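Below, chain A partners chain B and then partners chain C, in two separate complexes.
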Partner chain A sequence: MKKILLSAVAAVALCSSAFADTVKVGVVGPFSGPFAIQGKNFKAGIDAYMALNGSKVGDDDIEIIYRDLPQADPAQSKALAQELVVKEGVQYLAGFYFTPDAMAVTPLLEQANVPLVIMNAATSAIVTKSPYVVRTSFTLWQTSAPMAKVAKERGVKKVITVVSDYGPGVDSEAAFTTTFKAEGGEIVDSIRMPLSTNDFSPIMQRVKDSGADAVFAFLPSGPTTLGFVKSYNDNGLKGAGIQLLAPGDLTQESDLPALGDSALGMLTTFHYAISHDSPENKTFVEAARKAIGNPAELSFPSVGAYDGMHVIYKMIEATGGEQNAQKAVDAVKGMAWESPRGPVSIDGETRHITQNIYLREVAKADDGTYYNKEIATFEKQGDPGLAAAK
Partner chain B sequence: MQTVFSVGTDALAYGMVLFVISIGLSVTMGLMRVVNLAHGAFAMIGGYIASYATQILGLGYGVAILLAVVGTILIAIPIERFLFRRIYGAPELTQVLMTIGLTFCVIGIANYVFGPTLKTIPLPETLRGPVDLGFRSIAAHKLFAIACGIVVAGALWVLIDKTSFGVKLRASVDNAAMAASLGVRTKIVYAVSSAVAVGLAAFGGIVGAELLPIEPYYALRYMVTFLVVVSVGGAGSIPGALVACLVLGAIDTTGRYLVPEYGEFFFYLAVIAIVCVFPNGILGRRS
Partner chain C sequence: MAIQRAIAAEGKVDAGPNWLLRDLMGLAAVLAVAGIGYLLFPNNLALLTRITAIALLVLSLDLVTGYCGIATLGHAALFGSGAYAAGIAAVHFDITDPFAMAAVGAVGGAAAGLLAGAIMLRGRGLAQLVLSIAIVYLFHETANKASNWTGGSDGLAGISPDPVFGIFGFDLWGRTAYVFGIAILAVVFVLLRLLVRSPFGMLCRGIREDPVRVSAMGASVNGTLLRMYAISGAVAGLGGALNAISTQVVGLDSLSFTTSAEALVMLVVGGTGSLFGALVGTLTFMWFEDFVSAINPFHWLTIIGALLIAVVLFAPNGLYGTATQLLHRVWNKR
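This part shows the complex of A and B:
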């Protein structure tokens, strides 16, 4: 009996030493439930990166371990992260679609000696919670503030803001309001509507009554945007010439076929459009479409995941596969590369991604499909939200 | 004054959409005494079939509605035969558990077959875009929804209160054993009413799709709203459901116009108040 046990222990020990040069990356995201499409995009971005760049860094094999977190649930998020670090022995944590989930994990990082690469969660403050957080997505401040400049340039004087009443909505409202006022514009009213709103007609009536030239709106991407944009058309706001301005969440590519004609001509500012014209993006879209299966489901979280993997590969290269969070994070500070979305870099101080923000218009392609057409570029935008918070 | 009219029109339209979607549930819960949490799932199936028929098969809107209603009923027949028939008269908890389980299955299947993206049902040219009412413009499909609500309410009232089938249905519900001994074939009555309820769910899913878009989580997302309408109106009462929808639609719409930041506060406040005063719903029968 003792012998068997001993040999079993020896076998396990041998095995683990044989796998010692496998670096594990734990990815937490919504892979089932109402937000499954965003998790699918995480996976597509990661798969695309590994298909194009191999699954090895130096001699180290990279293994991705996925954990499903269907809805924003900080307690569960923390539990999953703990399990990944303790049981699976991951050297890196990545993913995270919702801000509260990412926030819940930040207190673990220092003790666990694990860097966290955020592939979506878009509230400015997350990067300040731990020195081991790096973000490759965007913030709502980053994508909303340039829209205020666009409005000013286009001669809009009075704007009403309409946002969903939750963290990102409030962030978006603050970003637009602050920037637009600084540009000398006037905000005539600010409406915050509950997330569960499905009939937007009364809101549109408020917009009409306010006498604004344009409406700035933010809603989370998904079913509600469809109702909102349709309502904007049906209540004659489009006909009355009240311009609809929004960050790109409202016209994410996977929602565009449903939005169709009603979104035509809508202006949005965002960090990434699948139509972005560059060789890097062409390669990425081809690989990511193959990874996701249904090309119509590809959307912006995939590029955050793709660039997140790029950062993680760089970290593994710099540490030679050893677990050293500080060294890994230091290695990517100031790192610059050509992403599918355009030139990007990791800010040395905030560890947030500096990137171009594009002004896009929803247009119809020759084959009858709709896409976000980039018409202007705001180069090298940092995150104004962090400055505003200080 | 113009704003008052405007908000009033919105309230009427929203209330009617609610009515068309919820009335099938009122029939199942009030007349058949089944707490059917799978109602939203049937509405969603109708929506998916209509979307598939218009987008992929290229059929017209009217044909798609017909196909979706019939298709959903066909899907529901085996479900009624093998699952629902076991829970008629069962304790409510059993009914809730079985129907919610069914809902999760439908969500999973819809997600697998159609994917997680939004599906639309393109409207015919005549229902697209705004219609000018003089004092404001309103979406043509909302007028269509209002008309559908009126037609459905009238047809159901005639069916349940004026036809011999209605008499048999009410008899079977009140005392199945007695009705059966008097020669009413209760199983058939139940099967037909269940088919009508499912058909109404599918119809509501399609007509309401502009406000409540079709996606896999549709089945759960709007379930609370449907249940609220039924409990406020009184289960099984067609006029009750109509009044409930109009009152709740008016309160919700006005609240959203005046103080959107309060969210659904006024909606639920009204629900609490009404249920306190009328525990069986506005026009519900005492049980």
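This part shows the complex of A and C:
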């Protein structure tokens, strides 16, 4: 009896000591279904960071627990987050590809005493929903607004906007329209097309008839983008000199092989290109390509995840592995570092990432592959979307 | 044929004098499972609450598909309407009492049920199925467009229900939400047991078997079905409202084709034409889904597919239907 008791005590002691030394991070993202490639990029970014920086912070082991959320489903998202916090005892929540999923989790954070590090979800308002939200990705306002300046500089006077009719599309349209008008440009028409549109010929005709010098477009990355760009070429818009402008979602690296020559010369603004020329990025791309398996699949969510892990490591270091969300978030406010995408910092007030936005042109490399070539830089861009909402 | 036999068997048993006892036993079984769930998985109440909400949707689907024979792949339209009704009441009209929100959800669901039913009952068979899909897409697109009211694709956030009776708040651990949900489910279950055995419920089953004959007997086929659709809408709306109250956010997915199809899959897994089948199917499917996706978040859909094929091959009447059939066979042999 005594022996059993003793071993039981020993087992409990062992367990609890092992427990105290492990800091768990719950990552929610799309790991199956049509968006699985984005979830894979989350994992590649996280794996790359842990491969380069070790899986320990001080004495604490870091354990990542993944949960799959194939599509935007806020109820399921909240259930998963609740389960991660209550059952698995995670100290940090991270990931989140879609805005509604991230929004659903924000009411939990204060009670759970858990910070949320958003690695993708790109609607401006999320950071205002809880003081424990930190974002290391981008917002559509952030990536779309500089394009309006580019258009103005290049002598474009009249623009027509074409976006998919859903949250990010509308955000993107608003960002471009507001900035372009402030620069003194004219928006001749704004078209919102249903998400499921496959035939873009009628839209191209409207673009042609509108008499615009350029078209600003946003569609979610994937097959529809290919159809859109192809239609743009086939309907002779490129030949007619109507410039196609877009945020970088349209020329995501994993889509470029399929886009091929039709995308050559396309201008996009974005926060990250895999071709970014810096030693930090070289190290990152090498590690992330190894982690993802197929190098062609690597694209922007991986860098959001990589920097997200950097922020989480910093939080764990600052709290010494104790669960203290306020202290953890305070520790990263104003924090600046050299990310694979360039110099970045966490804004002390909004807890959103301040970063360079690059103007890129799709170009062909010597080995016949396509890449986003960075040709201009807009330094230290905050999120204009939050200011616009006020 | 097999389904008819199962129904006949069920009808035979129901006709006995012990129906009240059977109902009480059924209710006790539901409450017992709920209690065991609470005790065994105190850290997983969010999932259990979600299962409860979806169980209401599947029950409501069973009312029209199982009892009336209406094929539909658009039932989430009613569930989502209830969710959005409760959510909009809370966010835009400050109706934050959970019971009031549930009532608003039920009314919203019933209204959606009347509307959907009025359209769906114009068609039969495949045409009806196509109409149901069209309806769920229309509801989805309407909610997407009316983003001032619904939050569009960002979801309707900021729902904060008051504590139940002013004491039990809806918190992180989800105890209140779970007990609240189980209470709703238990009440609905008892009412539906009474409903499906009532003359009205029998008439619905008659219509499923032979609508021409029922109308020849002088009963109104479409009127009866429309009433059932409204009741079904109220039940689905309650489920939606429970979801809105417990998760405090409503997304477009609650109005989606995917949710509708999943509900139908759960019903088939459990067994159509029986309230227990609906509950068993929901519990089995959702628990299994959570279990497998936690073990392997990358390839879990494959295993779900295997489960579905296994059920269809080895238990064609659903888990509950096949189990009762086996029991009857054993019983009759003795």
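Rule of thumb we're sticking to: the second predicted complex is superposed on the first by the 377 of 390 C-alpha atoms of A that agree within 3 Å, B and C clash if a C-alpha of one lies under 4 Å from a C-alpha of the other, contacts with A are read in each partner's own complex, and residues count from 1 in each chain.
The definition used in the following text is that a contact is a pair of C-beta atoms (placed from the backbone, for glycine too) under 8 Å apart; a residue touches a chain by one contact, two chains touch by 3 or more.
Here the structure is a predicted model, which is why all the values come from computation and not from measurement.
Partners chain B and chain C, once the complexes are superposed on chain A, both fit on it without clashing. After overlaying the two complexes on the shared chain, residue contacts for A:233 are found with chain B alone; chain C is out of touch.
With both structures placed on the common chain, the touch criterion links A:206 to chain B but leaves chain C unconnected. For the three-chain arrangement built by superposition, the Cα-centre angle with chain A at its corner and chain B and chain C at its ends equals 60°, in steps of 10.
After overlaying the two complexes on the shared chain, residue contacts for A:197 are found with chain B alone; chain C is out of touch. With chain A used as the common frame, chain B approaches chain C to a shortest CA-CA distance of 7 Å. Residues 33, 36, 165, 194 of chain A contact both chain B in one complex and chain C in the other. Partner chain C is touched in their complex by these residues of chain A: 31-33, 36, 66-68, 71-76, 78-79, 82-83, 85-87, 99-100, 103-104, 106-108, 111-112, 123, 125, 129, 165-167, 170, 194. On the chain A side of its complex with chain B, the touching residues are 33-34, 36-37, 40, 165, 191-194, 196-199, 201-203, 205-206, 209, 222-223, 226-227, 230-231, 233-236, 239, 254-255, 257-258, 260, 294, 296-297.
Only residues 3, 6-7, 10, 13-14, 17, 111, 115-120, 129-130, 136-139, 141-142, 210-213, 215-218, 221-222, 252-254, 256-257, 260-261, 263-264 of chain B touch chain A when the two sit together in their complex.
Chain C contributes residues 43-44, 46-47, 49-50, 141, 144, 152-155, 157, 160, 171-174, 243, 247-254, 258, 293-294, 297-301 to its touches with chain A in the complex.
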